[in-house]
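In the two complexes below, chain A is the common chain; its partner is chain B in one and chain C in the other.
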Partner chain A sequence: MRYQNATAYRFLAPYLLIFSIFWLWPIIDSFLISFQATRTVPWRFAPGFNWGRLIGDPAFFNALKNTLLILVIQVPVMITLAIVMAVLLNSPLLKARGLFRFAFFAPVVVGEVAYSAVFRLMFNLDYGIINKLLNSVGLPSIDWFSNVTPAMAVIMIAVTWRWAGYNAIILLAGLQSIPQDVYEAATLDRVSKVKQFFYITLPLLKPIIVFCAVLSIIGTMQLFTEPFLITERGGPGGGTETLGLLLYRQGFRSLNFGYASAIAYTMAGLAIAISLVQLWLTREPK
Partner chain B sequence: MAGVSLNNVVKRFGDFEIIHGASLDITDGEFVVFVGPSGCGKSTLLRMIAGLEDISGGEIAIGGKVMNDVEPADRGIAMVFQSYALYPHMSVEQNLSFGLRMNGNPKADTDRRVKRASEILRITELMARRPRQLSGGQRQRVAIGRAIVREPQVFLFDEPLSNLDAELRVQMRVEISRLHKELGTTMIYVTHDQIEAMTLADRIVVLRGGHVEQIGRPLDLYSDPDNQFVAGFVGSPKMNFITARVLERGASGVTVELAGGTRLTQPLKGPAPEPGSKVVVGVRPEHFGHAGKGDADLSVTIDVVEHLGGTSFLYASTAAGDDIVIQRDAAEVSDAPEITVSVRKSYLFDDKGRRLR
Partner chain C sequence: MSSRSSSSRSSARLGRSIALHLFLTPLALIWLFPLWMMVIFSTMPDRGIFSPSIELLPHGNFLDNVTNLQRGTNFIGAIGISVSVAVTYTFLSVLLTSMAGWALARYQFFGKGIVAAIILGTITLPYAVVLIPQFIMVARDFKLANTWVALIVPPLFNSLGVLFMRQAFSMMPHELFDAARVEGVKEWRIFLFVALPLARPMLAALAIILFLASWNNYLWPLLINSKPGAMTAPVALGTLIGLTKVSWGGIMAGAVLLTAPMLVVFVLLQRHFIAGIAAGAIK
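On to the complex of A and B.
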């Protein structure tokens, strides 16, 4: 048995080697780097240097506030929208179901740069379609990218557009796993369709909803593309800077890898903590 | 309580007709079993009575009232599903009371009904459990309990025992029979298992390919089948069918020759097929006797013997290659590879499977 295990590990060795060098070691090394002062060469061990700075850095708290704000508003809106889309996609009344499923899923496939460019054009102050639509119903144009609140709204709308369909497809798979005869039993029990949704569909879909929520939380904690490309590096004036963007700015523009590593570990820690709280709050009663 | 009547009921899915004009009257308090092979339309017919499937033609009435366009919940029926269809996220108590609670039924009445159902089905100690914490038999009880709390006029069972193991199936069969005696409510039960049909039913409806083949009391179907399909479907092991040829019609009946030369004369009141035409002789396994003690003797080669204790089944083949099963008392079974048996009672079917009486 031991010999067989050894043989198996020998076969696994090439993978384990590459995995260790390019995945495991960077994770460990970045953790070690977070305890080093990296603004000057040579780097030196200074445990409080980055972690201490984190606690008092207004830029970090600004990025944290922005990230959490997007998380708190965008994730629930997107999940709700995804549930509605999944229910509609699951409806036997819907024609051309395959086409709609593809259409809702398609945003994930679109290149990030392309979709960001389209969003910038759509929300352009002078000739964007969104302002044109607002004007057509008598509302004034909004300068989406010069003010913080509209800029945050654009990011939330963009992220929701991109990922709602993806979550809807996951939720659809969950919906389809609910046996039809449970609904038939409820119909015989004179339970209305609306009550069936709230008392049967939602509770039975809960594990999938939690799964989507955790995925979305992790994704939002790492949010980078949209504030980088759509609101031009977290603009206006850092108003949409997220933790992911701050990490990039510190690590790859200021080449301050120690601080960037500390931010990265904070992001991961927060994502794990929020996900655990979420799982605990929605746990199945024994 | 109420009776159910089906009048020329038709079901079509697009251009495809599944039920071809079924008619049936079920009296109040009767236990009727729909039986037939897979795809015969028995579950579809039950779901049409429940209102879960639209009716393409004809009429379904419950308690004398036509129900074609009545919502399932307003038909006064309760249904027990094959897969139980319990709400997995609710406790047994919540499963039983869900429908009543959702409809604003007074709490005291809901509690009373749930308590009564749980006592009838002996599940009072399971009330706090979730369906996943129950065994198959317990789940089935809860599913039946959910039907009982509705206090319906008619119970509909859609193959309720097919997911249970053999021992539990027998146990639940007895439970359902007891329940029918206790409640006295009309019950319609769908199964493909003819033993369930024989043991539970007041009357059996045998279906095949969307047609009602025969309706009757279990023993009537067994002893007086209308056609070869019913004869073969009812009874276990099934009736043996031996091909034969009509020789002549005499005063005492029609004489046929079984492949292998054995001659058999059957009394016949109706018209007889032309001499020379093909017929099928049906013999139940228990209707083979010892040589010389029946209407005709038949030599067979024994292939396999199954000893079930008191009874044994001899799987044999005739000289013409017809496979037959012979039932014998275990003590009477010898090791002889070839034996001669007599046909004590037989049925005659024409080449279209119709009974010749």
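On to the complex of A and C.
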């Protein structure tokens, strides 16, 4: 095939221009800024300044710990739930499929601010509907936002509510691409539905599950709006502060761009590590 | 014998069907609950929201709540900004990503591997890495804070959209395009008048997803357009959450105004919506 450099780059030019200005340069710049002391005018080059602070900063380790804790609990729960939703929505026995799809997929269109407001109100101590319902079955109220554990739970519940259906949509598309005759053959051989799920569906779905898991991990790793709005700036007392929130606080409240850039690069490092794990998990068997 | 086994099979089927619905119905109700409560709260006066009784049915206070909200922050104006920005963004982004997708699907060119690697590589890169320099550049160097340009242009880079359109174009019969070229039709005309009309369903899916992303975008607009008259609707609503003297009925009315139009679009265009997300068009 002959090369058509001029034509191809004419089509790519606007896109690559936006990329260069708003992504390529910032990626480099962010790295450079992380080696500068940015609270003096003018900024000065000080290689150990931010990174040195990072490894000794309890606020950073607190945010890292919270972020990893949310990741380790919320992502597996949500992915499992999304698989269950997708498999059941795909069942030929299901009636009123449209209603069920609406129920699980609707949160996908709800904005972060809107749903943060609702969850905050639902989990209110004295007048929240959740505590009222707990009381009505004889259970005591929970002070959701004054203690770290329930506050973390609310964030995980909210994020799971918002994103489980999104992942279910992707998984459902994957399920529907599995050829039906595989299941027919298994049914003829009297393989139970449960066994079919574990020995046919899960292995064939694995690359898509890993894809969903990686996107979810990277999304959750940058979690910002939920601890910002639902638990009131990472409260109680920084108990739900995430890396995303710490970056916001350092970068845009304290205007400490150098330190915030070091935090950003730590997040990028984590993301790269996770992507490598994904490549390794979905590698072609030799 | 054979009829007995088939009837036992059909009763097993019935049992499985009942179990399926018994499990899925409560789960669906739990999932709808926050949305339902959003609607209920938006129709209640504040003294009703903050009362000890359990209220699960709508009241008649929605318009009063909207009025309260409008008094606290110019929410209707903010919605106007959000709509204009989302429409412009969607149009430009669909155009840019389809052009790039077309180039990758149709031409052989120097550096193609690098361009493809950039697009794949940025999918899993956290946005946090570009956030700070982007902010410094747009606010300080370009002096564009609190403008529409700041809201529209930086988010135009979207790698999953390009992959989606590349896929769409490469599934089309290339003989069609080659025939047009033999006729002497220019490449940009082939793109505009042959390829794009053929890609209409994919463009619709992409447009819906991009519109939604722009409509709900929070972090970037929060940082770059923080002046009251320049805020988008989610940012304006977010400023009220956490204030002590604030109408929660009003906040909920705002949440409904942000969510309801998207739910309608979702119901009407479900197929395109799901196609767009299933292709991983955006996160």
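Convention: the second predicted complex is superposed on the first by the 264 of 286 C-alpha atoms of A that agree within 3 Å, B and C clash if a C-alpha of one lies under 4 Å from a C-alpha of the other, contacts with A are read in each partner's own complex, and residues count from 1 in each chain.
By definition in this document, a contact is a pair of C-beta atoms (placed from the backbone, for glycine too) under 8 Å apart; a residue touches a chain by one contact, two chains touch by 3 or more.
This structure is a prediction, so every number in the text was calculated from the model and none was measured.
Enquirer: Touching A:P179, do we find chain B (first), chain C (second), both, or neither?
Expert: In the superposition, A:P179 touches chain B alone.
Enquirer: Of the partners chain B and chain C, which touch A:I170 in the superposed model: first, second, both, neither?
Expert: In the superposition, A:I170 touches chain C alone.
Enquirer: Look at the residues of chain A and decide whether chain B or chain C touches more of them.
Expert: With both complexes superposed on chain A, more residues of chain A are touched by C.
Enquirer: Can A:Y265 be said to touch chain B (first), chain C (second), both, or neither?
Expert: Touch partner of A:Y265: chain C, not chain B.
Enquirer: In the superposed arrangement, which partner chain does A:I200 touch: chain B (first), chain C (second), both, or neither?
Expert: The first partner, chain B, only.
Enquirer: Please work out whether A:V191 is in contact with chain B alone, chain C alone, both, or neither, and reply first, second, both or neither.
Expert: first
Enquirer: After superposition on the shared chain, which partner residues are touched by A:L255: those of chain B (first), chain C (second), both, or neither?
Expert: neither
Enquirer: Considering the complex alone, what residue numbers of chain A touch chain C?
Expert: Contact set of chain A toward chain C: 1-5, 7-12, 14-16, 18-19, 21-23, 25-27, 29-30, 33, 85, 88, 91, 93-95, 99-122, 126-127, 129, 132-133, 136, 161, 165-166, 169-170, 172-173, 193, 211, 214-215, 218-219, 221-222, 224-225, 229, 232-233, 243-244, 247-248, 251-252, 257, 260-261, 263-265, 267-268, 271-272, 274-275.
Enquirer: Within their complex, state which residues of chain B touch chain A.
Expert: 50, 52, 71-74, 77-79, 81-83, 85-89, 98-99, 102-103, 146, 150
Enquirer: Residue numbers of chain A touching chain B in their complex, please.
Expert: Against chain B, chain A makes touches at 179, 181-182, 184-192, 195, 199-200, 203-204, 206.
Enquirer: Which chain C residues qualify as touching chain A in the complex?
Expert: Those in contact with chain A are residues 13, 16-17, 20-21, 23-24, 27-29, 31-32, 34-35, 37-38, 41, 49-52, 54, 96-97, 99-100, 102-104, 106-110, 112, 115, 118, 122, 124-137, 153-154, 156-157, 162, 187-188, 191, 212, 215-216, 218-219, 223, 234-235, 237-238, 241-242, 248, 251-252, 254-256, 258-259, 262-263, 265-267, 270, 273-274, 277-278, 280, 283.
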